[in-house]
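Paired with subunit B in one complex and with subunit C in the other, subunit A is shared by the two complexes that follow.
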Partner chain A sequence: MFKYFFIKELKETLRDARFQVMGGLVFILLITATLVGYRGFDQLQQMRKQAQQQVRQEWVGQGNKHPHSAAHYGHMAFKPKPTLSFMDFGLDSFTGMVVYMEAHKQNDILYSQAQDSTSLIRFGEMTIAFVLQMLMPLLIIFLVFASITREREGGTLKMMVSQGVSTRKILLYKISSYSFITLLLFLPAFLIASTLLFRQSHTALQTHLTGKFFTLLSAYWAYFMIFIVLSVLISAFSKTSRMALVQLLGVWIFFCILMPKATANIADNLYTAPAKYEFDDVIKKKVEAGIDGHNPSDKRFEALKQQTLKKYGVDSIAKLPINFSGLAMQVGEEYTDQVYDQEFKKVQQVFKSQNRVSEVAGLINPLLAIRQVSMGLAGTDYHHHVKFATEAENYRRKMVKMANNDMMVNHKPGIAYKDYKVGRGFWESLPPFQYKMASLNEIVQQNLWGIAALLVWFLGGFALILYRSSSISIV
Partner chain B sequence: MKKLLLIYKFEWKNLIANRIMVLIFLLLILSGLYSIYYGQTEIKKQTTHIGYLKQQEKVRLDTILYRMKADTSFKANKAAFQRAQNPAQLNRFVKAYAINPPSPMASLSLGQRDLQPYYVRLDATGFHQQMNTSEIKNPLKLFTGNFDLAFVFIYLFPLVIILLTYDIYSAEKEQGTLPLLASQPLKVSQVMWIKVSFRLLTILGLGLLLTLLGVVLNGISIAHNLGKISQWMAIISAYTLFWFALMYGIMALRKSSAFNAITGLGAYLMFTLVFPALLNIFINIQAPPPAKNEMTNLIRTRSSKQWGNPKSWVFKDFYLKYPQYNDGDTLNFYKWLYAGYTITDEKAQEVNGQFHRQIQKREALGKQWLWITPAVLAQEKLNQVAQTGHRAQQQYLQKAQAFHAQLRDFYYPRIFKNKKVTIEEVNKIPRYSTQEVKRN
Partner chain C sequence: MLEAKDLTKTYGNKVAVDRLNLTIQPGDIFCLLGANGAGKTTTINLFLNFITPTEGQISIKGIDVVANPLETKKHLAYIPENLMLYPNLNGLENLEYFSGLAGKSFSRDALVNFLLEAGLQEDAHKKRVSKYSKGMRQKVGIAIALAKNAEVLLLDEPTSGLDPKASNEFAALLQKLKQQQVATLMATHDLFRAKETGTHIGIMKEGQLVEQLTTQEIDHSDLEKLYLQHMN
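Showing the complex of A and B:
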């Protein structure tokens, strides 16, 4: 029975000029987006990889010098493009791509692509995600809006029901037919994508690549199903095809054009992040006066001095068996780190709360849900950005600590700064910067709202079909 | 003329009798009002920050004056007094903000203002070194963009235009009223023209209304910004006309309502979503954004060499280029520090020139292809009027650099000639003037 439905729908669809144009277009765009997106990704990935290697070579080959001078010279961390990011650029064009890591201070992650672009960048980038999130729903709407109304207007719905096919069955058959047709459209692009992906998997940065890829695939499939079910439902409950189309287009405009912007803007007004200068001021103040405001830096220094002298049982710094400057610097560094962590967490919390608004709004708008899940799996969402920032900062601390420790232990008092030097072996003992992407498990946990929203939409749609299909008017 | 008014009257009655259309218009006006409110809050945040920064700048100058006037017979005061007099230390303490204040129309089209820095803290040390900061911004917010009035015009107006025009002719045909219409003394094509012109005037009127609301609610002075406001209206009108012309062309094919609606929407999709997205990636592949990390690398390498080499390493280059500062001193710490800043900054300037050329190449590519998408074209023009686009940012950065040169001209002669800064001279320290921006 389903076979007849499917063949009928497929034939009708393929014969439909509108579908030929729209479907053909989406198909071509999808292939273009895959190839072009991959090219863009590859270009950036190569560039950053090379730059990272170059910086490493410069670090290792910096010659003999004092470890603290080397910590000032520092290191740079480039944000690698995650392997799956060619499918969804996500926030990558709007976040910085490199951070300079040096002694004493935490630098910003700099140079976003968007800053070097015209307002064009605000109109979006052609990626698989763009086509699937924005255009595919529209195609589905065009495909499905008349699915029930046409049968009713032509009298075939009455005929089917009179032959003993329940309306519920009709709806379910329609839904499955369309889901197959949609699958036919987007599967080729995914096949190309997977070839591109697994061809280079030996160098892949991302862990759980296969798992992420297939989770992404099923998330998008669920997203399409939501639109198919929604369209069939609206078609079933509309009097005319025209009404169904108008309503569905209204839904699309609301979901894809109006709401995403409005949500992000409202969230931004709800939770305010500090300006950069405010952030810097607070850090400076807290480092100087102490985190609680009662522990100024000179007092902290004095206390450390007394404590160290007592520990080694001597009465002056010159008699210490260790280099006190190295120790003081490391202790100071750790204090600053504490302050920085505290403030940075606050900012992150503000942004996470802002983003939470969009996440929860996924329950109203499936686009917001899939957008979040897709970015997360592609490794281009805010969580990944924070992860990169944190790992770069940890690496900086490792580097600085290594330099300070060496200075403390090996740079004996009495030797001038310019006379104490370490060389290549020491530089090499700092492992190269490597950034591990979040695991599939972590991503799922970070995107629970998005996944839940997709599930609610998906199951809610089917529940409506099951419980309300009997109330559809047949004539 | 009488007939024209008669048809307009009936069209108007038709329009307000149609509940859905009235609802859509209300929604459009509400979106417009929200966008005005939103643009206002964004710009207000920026002006509050700017106000605070200006005040901070003043506080610092006052502190300097206070320290210079203080009784130096106290030990603590004396040290502060000496620091205040030393040009090298004074420079680091004062710092000035080069500020890009929002232009009067900025809140209507926020453009790149949320993406780009609008204040930089500057002193006479290396310019490019001081530019390496970024604002704390939620990338998701930057990604979704702003719900400003320009967005309402560029994304929402075309949708309403499509809705208003797709069935002007076809509905008469589909309802069977076409023969009736044809039997009237007016030609069918004339009636169609009048109907289209009625809708055009309605939309243009709405555009004018929203613009005026935006102007009034933001307290933008009409008298001072008449030129800007009329430019804005001209862009909106041209963009609206484009969509009407397109829909008229589709109508002229005399196909069904469904065909018109889908073709119109297809065009909308192409112009506002597909073409811009394709163009974006095309530009990125043809002329990728400059690898600005080279700047960071240059600065850190130079700085490491400066500290790792004897002082003469810097002075050799510096005195050759700036013989006016050469008094044979190759030991002074501050002279050595500031000489190094200048030499590094000059090298950085060369690298920056390369970046600039690459960015210009990107801009040129964009300009060359922008005509394929009127939506982006209109956005660019609106940003130009509001002075919130990429170009305005470049101009601001140039101004900031010119200001930095002023700072250098003030401090460097004093540092290299071993002069103290006197209390009278504190008022001569260059301050960034935003006046010129307003006049433009």
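Showing the complex of A and C:
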């Protein structure tokens, strides 16, 4: 029975001029987005890889100098483009891509693509994610809105039921047929994407690439199914095709246009992140006055001095077996790090709360859910940005500590600053910066809300179909 | 074959079918006459279980329609008024689809034969239904009914909008099915056809079956008089 149903749906849809135009358009957009997205990713990734290598060569080949000078000379970390980012640019276009790492201070991650673009970028980019998240639901709506109403209007629903098909079967068959048709549109782009992906190995940076890719596809499939089920349901319970279309377009506008914007604004109003200037100012003040405000830096310096003299049983800095400046700088560095970590955690908490708002909103709106999950799996979400920032900061601390330690131990008192130098061997002992992406497991855990929301929508839709299908009006 | 006992359907305060009692035997062609809104279509829809009765019993071949909606459908064929079919498919494809839904699978030749038997010219079989006239669509509907080989035929104004020739061919087909002991319930406005092809006539008014007689008992002019008498 299903065979006949399926063949008929397929023929009817493929012969429908509206579908041919819309489907063709989405089909072309999807393939274009895939190719363009991949090319863009490939170029950026090559550039950043080259830049990272160049920075490393400059570090290693910086000649003989004092380690602390090198720590001031600094180092740079470029954020690598995650392989799957060609499917979903996510926040990557708005977050910075390079951070300058130097002694004494934490710098921002700078130079986002958005800075170089016109404000048009705010309207979104032509990425696979855009096509899949925004346009596919629209196509599905145009494909499915009349699925039941047209059958009712043309008397064929009555004919079908009179031939002994239950309404539940009709709805489930419709859903199966449309999910296959959607898959047909999606398949060529998927094949191109997977060929591009697996043609070359990007696995140095990526973990679980295959797993992430297929999880991403499953998430999108679930997202499409949600819209298919929703459209079939609304069509089944609408009196006319026109009413079904109006309702579904209303749903689309609410899900894809109004609510994402509103959610971002609400989240921003509920949890306001401090301005960059405030953030820096707080850190500066706390470092000077002490975390509790009663332990200024000169007092801390004096205490460290007394403590160190006592430890080595000498009465002046000159008699110490170590370089006190090196020690003092490292201790100061760690104090700043402590302040920074505290403040950074606060800001992160604000962003986390903002994210939580849209995570919870995902339970009302599947678009918000798929957006989170998709960015997470593509490696372009907030969590990945924080991970990069944290790893870059850890690397900076490692670099600074290495320089300070060497100075403390090897730069003996009495030798002038300009006369103590280290060379290539020392530079090479700092391993190159390597950023590792989150594992599939971590991503799933970070996006539990989004995944749960998609599941709830998916299962809820089917539950409604099973539960309500017998109350559909046939006449 | 077809039986309704005290069949009643109400929508709020409005009574669409009012305590209807009806029995149709194999080989009977029962023509339901009545003005629009008299409850003819509602009666047919009740036999199809498209709507559930408010009160009373309704059965096909002794099987309760409400309790076994899928079982009773196996025995019946139905042609709605103004059947649109699928405009993007051709006649043959439409027939194959609906037969397939009923769980039947036919060879291409067998399908062609059903369409020919229903009176659809062979050159039309592979044209899209969007190019069909109403009469041609109706013929595909008949072919679907023929292919189902049902013992019960439910027809909702099958000849409305057909030209006299098509209408005549349709009547001939009904006679043929009558020979095969098919029980037919047909809602119609066509008094002439009802007298010519029907075996029984029922006149409905405001949900009630106000008159029930065999076609042998009455001639044309008397039938018309009787009908108009009830309508006024």
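In this section, the second predicted complex is superposed on the first by the 472 of 475 C-alpha atoms of A that agree within 3 Å, B and C clash if a C-alpha of one lies under 4 Å from a C-alpha of the other, contacts with A are read in each partner's own complex, and residues count from 1 in each chain.
Methods note: contacts are C-beta pairs under 8 Å (C-beta built on N, C-alpha and C of every residue); 3 or more make two chains touch, one makes a residue touch a chain.
Not measured: the values here are computed from a predicted model.
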Subunit C versus subunit B on the shared subunit A, clash or fit after superposition: fit
Comparison of subunit B and subunit C by subunit A residues contacted: B
Subunit B versus subunit C as contact partner of A:Q106, first or second or both or neither: neither
First, second, both or neither for A:Q163, with subunit B first and subunit C second: second
First, second, both or neither for A:K261, with subunit B first and subunit C second: first
Apex subunit A: angle to the C-alpha centres of subunit B and subunit C, given in degrees as a multiple of 10: 100
Which of subunit B and subunit C A:T336 touches, first, second, both or neither: neither
Partner chain(s) touched by A:S147 [first = subunit B, second = subunit C, both, neither]: neither
Lowest inter-chain C-alpha distance for subunit C and subunit B in the superposed arrangement, angstrom: 16
Intersection of subunit A interface sets (partners subunit B, subunit C): none
Subunit C-touching residues of subunit A, taken from the complex the two chains share: 1, 3-5, 7-8, 11-12, 15-16, 153-156, 158-166, 474-475
Contacting residues of subunit A [partner subunit B, same complex]: 18, 21-22, 29, 32, 36-37, 39-40, 43-44, 47, 51, 55, 58, 62, 65, 69, 72-74, 76, 78, 90-91, 93-98, 100, 102, 107-126, 130, 134-135, 138, 142, 241-242, 245-246, 249, 253, 257-258, 260-265, 267-269, 273-277, 279, 347, 350-351, 354-355, 358, 381-382, 385
Subunit A contact footprint on subunit B (complex, rising order): 20, 31, 34, 38, 41, 49, 53, 111-112, 115-116, 119, 121, 132-147, 151, 155-156, 159, 257-258, 261-262, 265-266, 269, 272-274, 276-285, 288-293, 296-297, 300-301, 303-304, 307-308, 355, 359, 362-363, 366, 370, 373, 375-376, 379-380, 383, 389-390
Contact footprint of subunit A on subunit C as seen in their complex: 45, 48, 50-51, 69-70, 73-74, 76-78, 80-86, 88-89, 93, 96-103, 141, 144, 148, 154
